[in-house]
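Please find the structures below.
The same chain A turns up in both complexes below, where it pairs with chain B and then with chain C.
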Partner chain A sequence: MNTYQYLNSRVIFERAAKVIPAGIYGHLGPAEGCFIPVEAYPFYAQRAQGAYFWDADGNRFIDYMCAYGPIVLGYNHPAVEAAARAQQEQMNCGVLPGEIMVQLAEKLVSLVDSADWAFFAKNGGDVTNLAVMTARAHTRRNKIIKFAGGYHGVSQWMQFIGNAGIIEEDVSSVITLPFNDAQAVEQAFKRYPGEIAAIIATPYHHPAMADNALPEPGFWPAVRGLCDREGALLIIDDVRAGFRLSLHGSDAYYGFKADLICFCKALGNGYNLSALCGRDAYKEAVSSVFYTGSYWLSAMPMAAALATLTELERIDGPGLMTRQGTKLTQGLAQAAQQHGYHLKITGEPSMWYMRLTDDDTGVLHQQWVSECVRRGVFFTNHHNLFINTAITDEDIAYTLEVAHDAFRALRGAGQKGSI
Partner chain B sequence: MNTYQYLNSRVIFERAAKVIPAGIYGHLGPAEGCFIPVEAYPFYAQRAQGAYFWDADGNRFIDYMCAYGPIVLGYNHPAVEAAARAQQEQMNCGVLPGEIMVQLAEKLVSLVDSADWAFFAKNGGDVTNLAVMTARAHTRRNKIIKFAGGYHGVSQWMQFIGNAGIIEEDVSSVITLPFNDAQAVEQAFKRYPGEIAAIIATPYHHPAMADNALPEPGFWPAVRGLCDREGALLIIDDVRAGFRLSLHGSDAYYGFKADLICFCKALGNGYNLSALCGRDAYKEAVSSVFYTGSYWLSAMPMAAALATLTELERIDGPGLMTRQGTKLTQGLAQAAQQHGYHLKITGEPSMWYMRLTDDDTGVLHQQWVSECVRRGVFFTNHHNLFINTAITDEDIAYTLEVAHDAFRALRGAGQKGSI
Partner chain C sequence: MRLRLSSVYKEVKAVNLERIRACINLHAILRNLEDLGDLDDDARTLLAGHDLRIGMHVPGIEPLTLAVKDGAIRAKRGSEAGSLRLQFASPRHFNGMVGGSSMPLPTGGFKHLGFLKGNFAALAKDLEKYLRPGADDLKDPAFRDKNTRLTASAAMYALSEIANADPVGRQIARAMGEGTAVIEVPGVLAHAIQSKDGRLTTSRYEGQGAQAFMRFDSLDTLGQVLLGELDSYLCIGRGQIAISGRVPMMDNINKLLRMVSFYLA
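Then we have the complex of A and B:
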């Protein structure tokens, strides 16, 4: 197989470095640990369609990052684009909201088990932040429990002392505990009686740079019970997993019920929208928080989201993504085995995490991933990957071909497996 | 003149109240003080074009709120829509940014005096927050000075103790001073030597519910000098005023230079984008802050923004809006006078604030504004208003007709002026 070159990407990056901090910042930037080794990766894309994108040099990739989650039906899905365009022609960002806001809220309330209402914003972090403020407003308590490695956006309270620009006061009311440890949660409630406003958590544990973990049996029932007993809110951050496991909310998927649940990413198939949903008991508290933004009631992303949810329901998107993800990850693990390596798959198949366990440094895994990328299969390192519903059996077959070829390249370069 | 009725708006609102906190939340909601008396206002819009929008009952309004600022070229401007649509067909939210991000950063750097670089996000509050974190990262100090009544978004540190969901630690490092008082700034630096990371301020003072105030001569030079002497950053929050006073930044318009400057609103003519720009000395600090979001590098709003800035430059948008705003506000003040009232105009003509001073309660002003709204001129109370470049002389003439008719209605209802 030919491997790709990234000439235009580098030329554009040189221009970018002059006028943009770090050239490309944030989670899409080459400075991010996900793009290691950086020389294996393109930096700019020019086009995207269905399961694919084309970089600035015209190289085609099957995209298993799905724009880090938002693309759930494939790029430029016709039903979503038609709905977005029709709404844009009428009105997008206006001086008043459109009726579409009500229709979308009605849809979420009908779909999502723990949603009696919906509040729309823009970033996933807007709604995780609002959830915490709502819990503080409702309980008149200050402290928040989160789980180590859990990511809930970039607001100050979600960050750490030592991160640039973070001060002690930002995080002094946040308690960090290990995921899947209900005893630790119980002890925290004992240590801070009447002080804990909420627990915020992803429905399963999908940190970067570590094997992902499903909730152990009994963990969520125990946490739900503790929150009820202690009068604290259970906030589920479903920004990443939402609508990839179930259209009823990932809490429903794991058999429990959140008080507040945060959506973003898959909600609008790439259109800029997030939503906080929750139970009636907290509707007054969320209304009492002063929280607004210039574009939050814009109509176009809402039309896109209504079309996205409707299509996901029509085709059973979560079921389809789970089946395709299972096929793909089983195939990848088998390919590894055939070449004498061990690829460990964790998390849910529709947004799996994987890691070659044959060395302790992670370098071997980076090398294999980079060989895949250079052959047109876009994986990143150290982050869960994503399926979308446009990925076909042919795409999976091609991905497995690439995976085999990448393992051969690894072996050819003298990299030993441990099997 | 006939006055409007809002039947469909009310029917939709009843549905909304069931599934959306407060029915409509945030700055577009009827619960907001801007929409008083609420019975005078429509709640939902169905269409917008140029200078106008049509509510859910088909009533047409000349929109002097411009979606609370973002609409600077009028709704559905052809050049902006063509650029946005062309980009969307190629790629919007992707796994990598598009070259358009670099082109837009280059454009901002060439236009804005204090911009050596640009960092893009979604909310205005994303970039005011990033500016503060950048100042803290650069100076390794904690305290921030802001001015009473200044609005910088809804992040916790920008809010107040007593606001729902806000805790003491959120605001304990924020010092609030009166605008236009350089002595107070000097005293704060004396009181907290080596502790103040930054001053954040709008370029002129445009609080809600109060007369707006231009910077007094000497205020900005004094503040700039103090920041330089004390090693603190001067952050200009140009989210609301940006590109309505000058394309070079509102700091340039008032003859000083910011260290960091925040844009949003007018940047994309309604497409969802914000930008932090700043000087080279802070490029490393901003790069060091962990700050990212799912949609931040999306290409469509960037294409819209490049088209918006290009068009504003081509037609001298700020000059045009200033001329139209001057004509309109002079006409409104004269109309008031002819009917025996006094309408006080403050702030800049392209985003003026106005208030009938004939009573102390503000009720008379609310009544007059509501008579205007019922006749198709969309003003709000207690907030500055906005001009966009689609507002024609005919629109202004029609607005003045409505204003006269509204004053006649006030007089007919027995409301006395003080002149």
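Then we have the complex of A and C:
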């Protein structure tokens, strides 16, 4: 198989280096995006369609990051684009919201089990932060429980001590516990009676750079019960998993009910929108929080989101993504086995995490992923991957061909001693 | 009452800061005399013909022994009998000596006092010349080479001291997980930072058993990053710095490196 070159990407990067911090900052950049080795990765995209994107050098990739989650129906989905265009022609950013805001809230309330209302913003971090503020407003308590490795955005309280710009006071009200450990949650409530405002957690544990873990039987019922007993709120951060497991909320998928639930990524198929949904009991508290933004009530992303949800419902998007994810991950694991490696798959098939377990450093896995990228399959080595509904059986078959070739390259490099 | 508590807290913080600086001065800066002896002809001349051990004792901090022999220095944690023993009254007293404002109290091995006042003082001055260079010094490639090696060594050893002594550093170290991270310019220099039981130890890397890697493409790149002339994030994009293996471990090392610049400023 031919491997890609990225000359234009590098030329653009050198221009960026002069005017943009780090060239590309954040998770799309080579540093935080873990482009290892960096020469295997494109830096800039030119266009995207369906399951694919093309980089600045014209190389085509099947995108298994789906823009880190938002692309759930494939890029430029016709129904979503038509709805967005129609709304754009009417109005987007205005001095008053459009009726579309109410329609979208009604849709979310009808779909999501734990939603009696919806509050819109832009990014996932906007609504995880709002959820915590709402819990504090409602309970008049300070402390928050989160689980080790859980990611809830980049506000100061969600970060870690030692991160640049973070001070001890930012994180001093956050208690970090191991996921799937209801006993630890109970002990925290005993240690801080009447002080814990909320628990915030992803519906299953999908940290970066670590195997993912599904909730153990009894974990969520126990946590739900503790929150009820202690008067704390249960916040589900469904920013990443939302609408990939179930259209009714991932809490419903795992058989419990959140008090507040946060959505973003898949909500608008790439149009920038997030939503905090919750139960009636917290409607007054969320209204009391001073929280707003210039673009939060823009109408076009709301029209796109309404179309996205309607389409996901029509085609049973979560079911389709689970089936395709299962086919793909089983094929990848078999490919690894055929070449004498062990590829461990964890998490849910529609947004799986994988790693080669054959060395304890991760170097081998980083090398294999980079060989896939050089051949047009865009994986990352550190994060869960994503399926979207545009990925076909042909795409999966091609991905498996690439995986085999990447394993052959890995074996060859290993024999030459370059890994 | 609140004011009094606040002032006590500030005093405790100041004492801790003094102690952490003393740990760094002892086990990262003075330890660096070992590397200076290996790199610098003037240092080798000052060490030639001497055979002694100098023990540095600072209350509350593991001692450092500098063994001088065959024109070289070897630094070792802990004390050894028969040394020229330098006792300091407090971390502040020791930091004062490093800063040139106070003198040590020799409590044993008096026959070596001449070496201490003459050759050792000259070595310390030589080291300071490389660690606190003037702008013109850095125009000389040979000087810059030594500056980079010695600054890198000081930073790598300081990193472990901070991880073991600073309250935030300790939290970062605990989050690292166990294993060894290597920072290297392949074929030129390599430091290993081992994380075990929540404590870090820096040593020269012998080429085996590491889990995380940060590789610089040249000594020049490393030097420019240490001097703040190059942005390390841009270097990653350009392939001048390659990180691989256990990324979270290296991520935490980076956090500690940021703290090093605070303490060494």
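Everything that follows uses one rule, which is that the second predicted complex is superposed on the first by the 413 of 419 C-alpha atoms of A that agree within 3 Å, B and C clash if a C-alpha of one lies under 4 Å from a C-alpha of the other, contacts with A are read in each partner's own complex, and residues count from 1 in each chain.
What we mean here is this: a contact is a pair of C-beta atoms (placed from the backbone, for glycine too) under 8 Å apart; a residue touches a chain by one contact, two chains touch by 3 or more.
Given the structure is predicted, the values throughout are model-derived calculations rather than measurements.
Engineer: For A:G162, using the defined touch cut-off, is the partner it touches chain B, chain C, both, or neither? Pick first, second, both or neither.
Structural biologist: In the superposed model, A:G162 contacts chain C only, not chain B.
Engineer: Between chain B (first) and chain C (second), which does A:I36 come into contact with in this model arrangement: first, second, both, or neither?
Structural biologist: In the superposed model, A:I36 contacts chain C only, not chain B.
Engineer: Touching A:M302 in the superposition: chain B (first), chain C (second), both, neither?
Structural biologist: neither
Engineer: Is A:K283 touching the first partner chain B, the second partner chain C, both, or neither of them?
Structural biologist: A:K283 sits against chain B, while chain C stays out of touch.
Engineer: Answer with first, second, both or neither: which of chain B and chain C does A:I396 touch in the superposed model?
Structural biologist: After superposing on A, A:I396 lies clear of both chain B and chain C.
Engineer: Return first, second, both or neither, reflecting whether A:I196 touches chain B, chain C, both chains, or no partner chain.
Structural biologist: neither
Engineer: Please determine whether it is chain B or chain C that touches the greater number of chain A residues.
Structural biologist: Of chain B and chain C, B contacts more residues of chain A.
Engineer: Look at A:A22 in the shared chain and tell me whether it touches chain B only, chain C only, both, or neither; answer first, second, both or neither.
Structural biologist: In the superposed model, A:A22 contacts both chain B and chain C.
Engineer: Just to be sure I read the superposition right, which of the two partners does A:L233 touch: chain B = first, chain C = second, or both, or neither?
Structural biologist: A:L233 contacts neither chain B nor chain C.
Engineer: Do chain B and chain C touch any of the same residues on chain A, and if so, which?
Structural biologist: 21-22, 24-25, 31, 43, 163-164
Engineer: For the complex, give me every residue of chain B touching chain A.
Structural biologist: 12, 15-16, 18-22, 24-28, 31, 42-48, 53, 55-56, 61, 63, 65-71, 75-76, 81, 85, 88-99, 101-102, 105-106, 108-109, 116-119, 122-126, 129, 132-137, 142, 153-157, 159, 163-167, 169-170, 172-173, 239, 264-265, 270-272, 283-298, 301, 378
Engineer: Which residues, counting only chain C, touch chain A once they are in their complex?
Structural biologist: Chain C residues touching chain A: 168-169, 171-172, 175, 210-213, 231, 233-234, 236-239, 242-248, 252, 255-256, 258-259.
Engineer: Which residues of chain A touch chain C once you look at their complex with the stated criterion?
Structural biologist: Spelled out, the residues of chain A in touch with chain C are 13, 17, 21-25, 29-31, 34, 36-39, 43, 160-164, 168, 209, 360-363, 366, 382.
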